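Okay, handing you the structure first.
Labels A, B, C and D are assigned to the chains in the order they are written; within every chain, residues are numbered from 1.
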Amino acid sequence: MLPTYLTLMLLFPLLGGLTFAVAGRMLPRTLVEVLACATVWGSFVCAALAAAAYTGPQVVTLADWFATFDLAIPISLYLDPLSLAMTVMIGFVCGLIHIYSVFYMREDEDYARYFALLNLFVFAMLTLVLGETLPLLYLGWEGVGFCSYLLIGFWYSDPANADAGRKAFIATRIGDVALMIALAWLFQLFGTLSITKVNGMGFLMPVSVITMLGILFLIAAMGKSAQVPLMVWLPDAMAGPTPVSAMIHAATMVTAGVYLLARLLPLIGGSEIALAAIAITGGVTAFYGATCALAQRDLKRVLAYSTISQIGYMMLGVGAGAVTAATFHLLVHAFFKALLFLGAGCVIAAMHHEQDIYKMGGLRRSLPLTFWSFLVGAACLAGIPLTGGFFSKDSILLAVWLKGGVLYQTLYLLGLITALITAYYSFRLVFLVFAGENGHVHRSSGLTVMQVVLIPLAILGLFGGLLDLPAYLGGGYLSGFFASLPADDLPSASHEQEIGLQTVAGALALVGLLTAYLRYGKGRAERMREAQAQPSSLISFLAQGWYFDRLYDLVLIRPYHALARFLWQRVDEAVIDASVDGLGSGVGGAGRLFGRWSTGKVAVYLISFAAGAALILGYLAWLAL
Amino acid sequence: MEATLFYILAAVLLIGILLAITARQAVRSIVYLVTSFFALALMFYLLGAPLIAAFEVIIYAGAIMVLFLFVIMMLELESPEKLAKPNFKNWLPALLLAGAVVGALVVLLASRVQAVPPGFTEIPVRQFAFALFKQYGVAVEVVSMQLLFALVGALYLGRRR
Amino acid sequence: MSVPLSHVLIVASLMFAMGLGCVIAWRANVIMMLIGIEIMLNAVMLTFVGGSAHWGIADGQLFSLMLMALTSAEVSLALAMVVYLHRRKQTVNTDDFNSMKG
Amino acid sequence: MTLADLYSIMPIIITAVGALFVLLCGPLLLSASLTAIGVTASVAAGVWAAFSTPTSTQAVAGLAFTPLARFLIPLFCFAAAITLLLSHSYNERRGIKGEEFPATVLFALFATCVLPCATNMLILFLALESVSFAFYILVSMDLSRAESGEAGLKYLLLGAVAAAFTAFGFALLFTGSGTLQLSGALARPENRVIISAGWGVILVGMAFKLSLVPGHLWTPDVYQGAPAPVSAFLSTSSKVAAAALLLMLLALSPPMPELRVPLAALSVLSMVLGNLAALRQQNIKRMLAYSSVAHMGYLTLALLSGSRDGYAAVLLYGAVYTAMNLAAFGAISSLSVEQERELITDYAGLGFTAPLRGGVLALAMISLAGIPPAAGFIGKFFIFYSAIKAGAIALAIIGILSAAASAYFYLRVVAQLYMHRGESPAPKPVSLAEGIALCCASLMILVIGVYPGPLLGAIEAALQ
């Protein structure tokens, strides 16, 4: 039965997406909406059935993709606790977001394109998660990137949105290249691209090779999961419709990098250096994201930076070798971040597409349902004790602490500071948006349904901790479930230690909450006044994401454009011609060299052709001498 | 004796070509070229290819060069002042590149002692004809198609609209 | 006859290079460029005839014969094109044919 | 010669007779029926080749219907048929009249079909030159545009020089080995240096035909000047034919280690410079021309590996590239109005106003960029796979990097199609022939991309 479930799980969204892409415009709107939701929920049902039928890790080969020459790539899927947990989560969150989208996109004409891309995205994401061979994973990896590119630029009539799409594409492309190189190298080393086989063969290779591979995979993950230094695209990616942000840029796609590293941890784990690099990347990114979130004024950008920061935590967990903790946080984060984004979507819809948090306020009364769910989401994000976010974040910090050593202890401290900042900015958001007065909202029938969608997410976020309670509370379901995963053999903590660490973290979260209350709850009017003034240099430094965009523009983009321009115009056509003429006159001044470019001439073509001939023959003659 | 003749002919050939490519007028260059092609035809004869020698004279010196002359006359390109001559600036890359190519080729073709040469042998016309129609019959067909389409293309481009 | 094969090949290479030089230098006159191409092809024919004599088989001579046919086809098409373009643009200078670039 | 021998070279006979028939009956028939005859002849030849069993015996002196020919002839016939289908409406719009166009396309097809069947260098060379020859005529077919004739002259002048180089290379190979037979010519160990010089000169000539840097400069001009269907045909058939010639020669000769460096240099320069030059192109045909330079660089990378995997990758990429470029140039040809749409910005919004053609163009671009599940991904995957397997890891990484950078300019076209509103003139409705041609090409892209198994099987059979 399992193969049937898995096939259907992939087939539903694929068929849906293709149908809408080809014939979406001819179908009535309601049908498209119903079908789009139905395919994803069908997918979720299959995932749930697969979970029910699950007995142990299993490779399911569906078909041979190609098996010619000595390269055979089957279409095979791998079901283990990790992928199972991911598929169930993806099915559920994406299903809710599809329903939400139906109402959010009520006024948009382009519903067919939207749902086609959304469905194709679900398909690609599931392929990524389930693929047993790395090429299949890569296919999904490219697929989610492509859908994301098109969805960020969905409202293309605004050129800024198209630019944001392009930026995301280029930044993630760097990661993709690293992944491609890593795959090629892996294949060269092991002669196979099956994930299970590769994972089992890591010990055959010297540690330095594993380190290099680990770094390549890390770069790939940096691109997809928006980690420092490839994180610049995610805040801009908020240009897309809000449900897209919730689904792709918060809950699912951006966790693909974490998933990749967790998936290959048995291989990468052989190298301490690679693990440390992952942990450092995660820790630094967590801190970076949190500080940037402090100073943002745009509601969605705050959430975007918080996503960067939270994924940093997951990477930190993977770097500490704690796949369970990382996955735990990944799942809980998916729930509460989707919740926050969807809540933000309700707010934005109610505020006539106003996104500046300083222009909001008083929504506590006019949108009570949104307020309470958003509060739950913020509490989870902040790690207020006993919420899901508290337990998941804490299990990562615990793992980092237990890993020991100076490096990991420093990272633990960084993680704690980040937790404090996180609590502070989450409640800054809550106070600014929901507290105070002036709550005029624009109500529509869709808004009610959109708010209802938040409830299951809020429940899941709030009680997500039950998935994996700490050992002193009886141990968790997830730990037992993941026990079969290799490379998850961390020293277990004593109960006292665990309680101690959690107390510290909980206390810090409460301190953050309190500070936020003092500054933005009580001192709200004062802050509002401050916001009118010119921001200080520290604030604008943080608000601009530490000026990374400008740095990249200066260091990478301009030289790249200059190089391309140079090679295209100057070398190819101008230098050859100009230097030929310059040679003759004897004074090939630089100005003349570049200034004079007469092109399209056969003579120039002939000369370069003959020069090529002279070079090739000269080389051969040199060999023969 | 034959060897001496070969070298003399080679000298005539190369000098003729040199004069042809540096001639100030296209017509003169054609005349020089015809001379060299006569020398080339004699070299072909010495190398045991009488048939090719005959074709060289008939087709190259006779037909192709006349075609060139015809076009030159038709386009009235003769007045020398109307046409730009290659100056030193044009010759320099030509000299450099041709020199490099010929240098490399000479190194490659003369640096090693060849395998034992069986000596030059004359190939009778009968053998030539057998090879042409027994071994390479299809080549004749391909070339004939090509000639046909040269005609088609030339007529198409020359069509008055 | 006792001319070494390498000498034939060297003469042919010289001829080939001269043809190439002619094509490169005469950028102002398509007719002269075509003449250069003819010289190059004649060098090829010389190589073939020399090789043919060296090995005592007729194949090389055959190739030369086919080359002759091929060149005559090429030349007639090229000259037709020159006449056509001359009619359009009143020039045979290849440097003037540069409406496409970049 | 028996009847069976004649049957085995039937595709060649069909195309030759078709060309002559079109030429003879041209004045009597309507242009639509001439196109129909041309398409019928190419389809018939392709189907015949695909369904007959290959042999290694010479059917006619100098020709053998080899397994390789069985793979390539249908591919060439496919390209020719699509070109003819596309050209009919295009020629009507552009005022290209007469039987010369379909006849010359069939002549080009005839020459490409002869090429993989050749058993000696003479036929091989003549076939290759006939292909170029047909394209000299086809490129300059559009008498109403000055660029067309100019492109023809440029192509002819450079092509003749390249032909002289190739012929000289064959002459040196012959002088070194003493035979023109393909099976014997390259296997002789003596006169190594002459043979290696011959190889060098042939490589130079082939650098032109495959438009590898530095012999690539003609490509943008000729693609731009030629009528769009001719660019489609030129960029596919002539390139694949040239690659097949190199493949036939390399596969038969003993390993020539000295060729590795020149081939690698040609490949790397083409990949990097082609992609970089395409990056800033505003003219779509020139952009595709530079991209073609880059793609031929990838192809050379696979040739370089010298293994059976590499040759398989070359054939696969030939098929993939044929499908992609036919789709891309087909869409360009079909979207042209009185003038061709030259600039990439002229395609703004056409994804909505001309959904079929816009979609085909977008698909072709996605495939050229190598994004799965389009065929381009499979093609590139196999190229880099074979290169890595042969140990050319550095080259493969350069290739992967440049291919990644290339996605930028391909997707720019997609972005123009779907993410901008254009005010360019609306295209004419798509004609039936164009619709069929575009659907066939895009179907091929998708089928190869999603399920390459059968094609790989055919390639495996072709390399027996």
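Please note the rule applied: a residue touches a chain if its C-beta (ideal position, glycine included) is under 8 Å from a C-beta of that chain, and two chains touch if they have at least 3 such contacts.
None of these values were measured; they are calculated from a predicted model.
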item	value
Maximum centroid distance from chain A, chain identifier (CA atoms)	B
Gap in Å, rounded to a whole number, between the CA centres of chain D and chain A	40
Chain B-chain C separation of Cα centroids, rounded to whole Å	6
Distance from the mean Cα position of chain D to that of chain C, given in whole angstrom	26
Chain centre separation (chain B, chain D; CA means) in Å	31
In chain B, residues with contacts to at least two other chains	90, 93, 97-98, 101, 104-105, 108-109, 111-112, 114, 135-136, 139, 143, 146, 149-150, 153, 157
Sequence positions of chain D contacting 2 or more other chains	120, 122, 126, 129, 133, 136-137, 140, 149, 153-154, 157, 161, 172, 193-194, 196-197, 200, 221, 281
In chain C, residues with contacts to at least two other chains	5, 9, 16, 19-20, 23-24, 27, 33-34, 50, 52, 54-55, 57, 59, 62, 66, 70, 73-74, 77, 81-82, 84, 94, 97, 99-102
Category of the chain touch graph - line, ring, star, complete, other	complete
In the complex, chain B residues that touch chain D	104-105, 108-109, 111-112, 114-115, 134-139, 141-143, 145-146, 148-150, 152-153, 156-157, 159, 161
Interface residues, chain D side, partner chain A - complex	153-154, 157-158, 161-162, 165, 193, 196-197, 199-201, 203-204, 207-208, 213-215, 217-218, 221, 258, 261-262, 265, 273, 276-277, 279-281, 308-309, 312, 371-373, 381, 384-385, 388-389, 393, 396-397, 400-401, 404, 407-408, 411, 415, 418-421, 451-453, 456-457, 459-460
Complex interface listing, chain C residues touching chain B	1-11, 13-22, 24-29, 31-32, 34-36, 38-39, 42, 45-46, 49-50, 52-59, 61-62, 64-66, 68-77, 79-84, 86, 92-93
List of chain C residues in touch with chain A within their complex	20, 23-24, 27, 33, 94-95, 97-102
For the chain B and chain A complex, residues of the former touching the latter	87-90, 92-93, 97-98, 100-101, 103-105, 107-108, 111-112
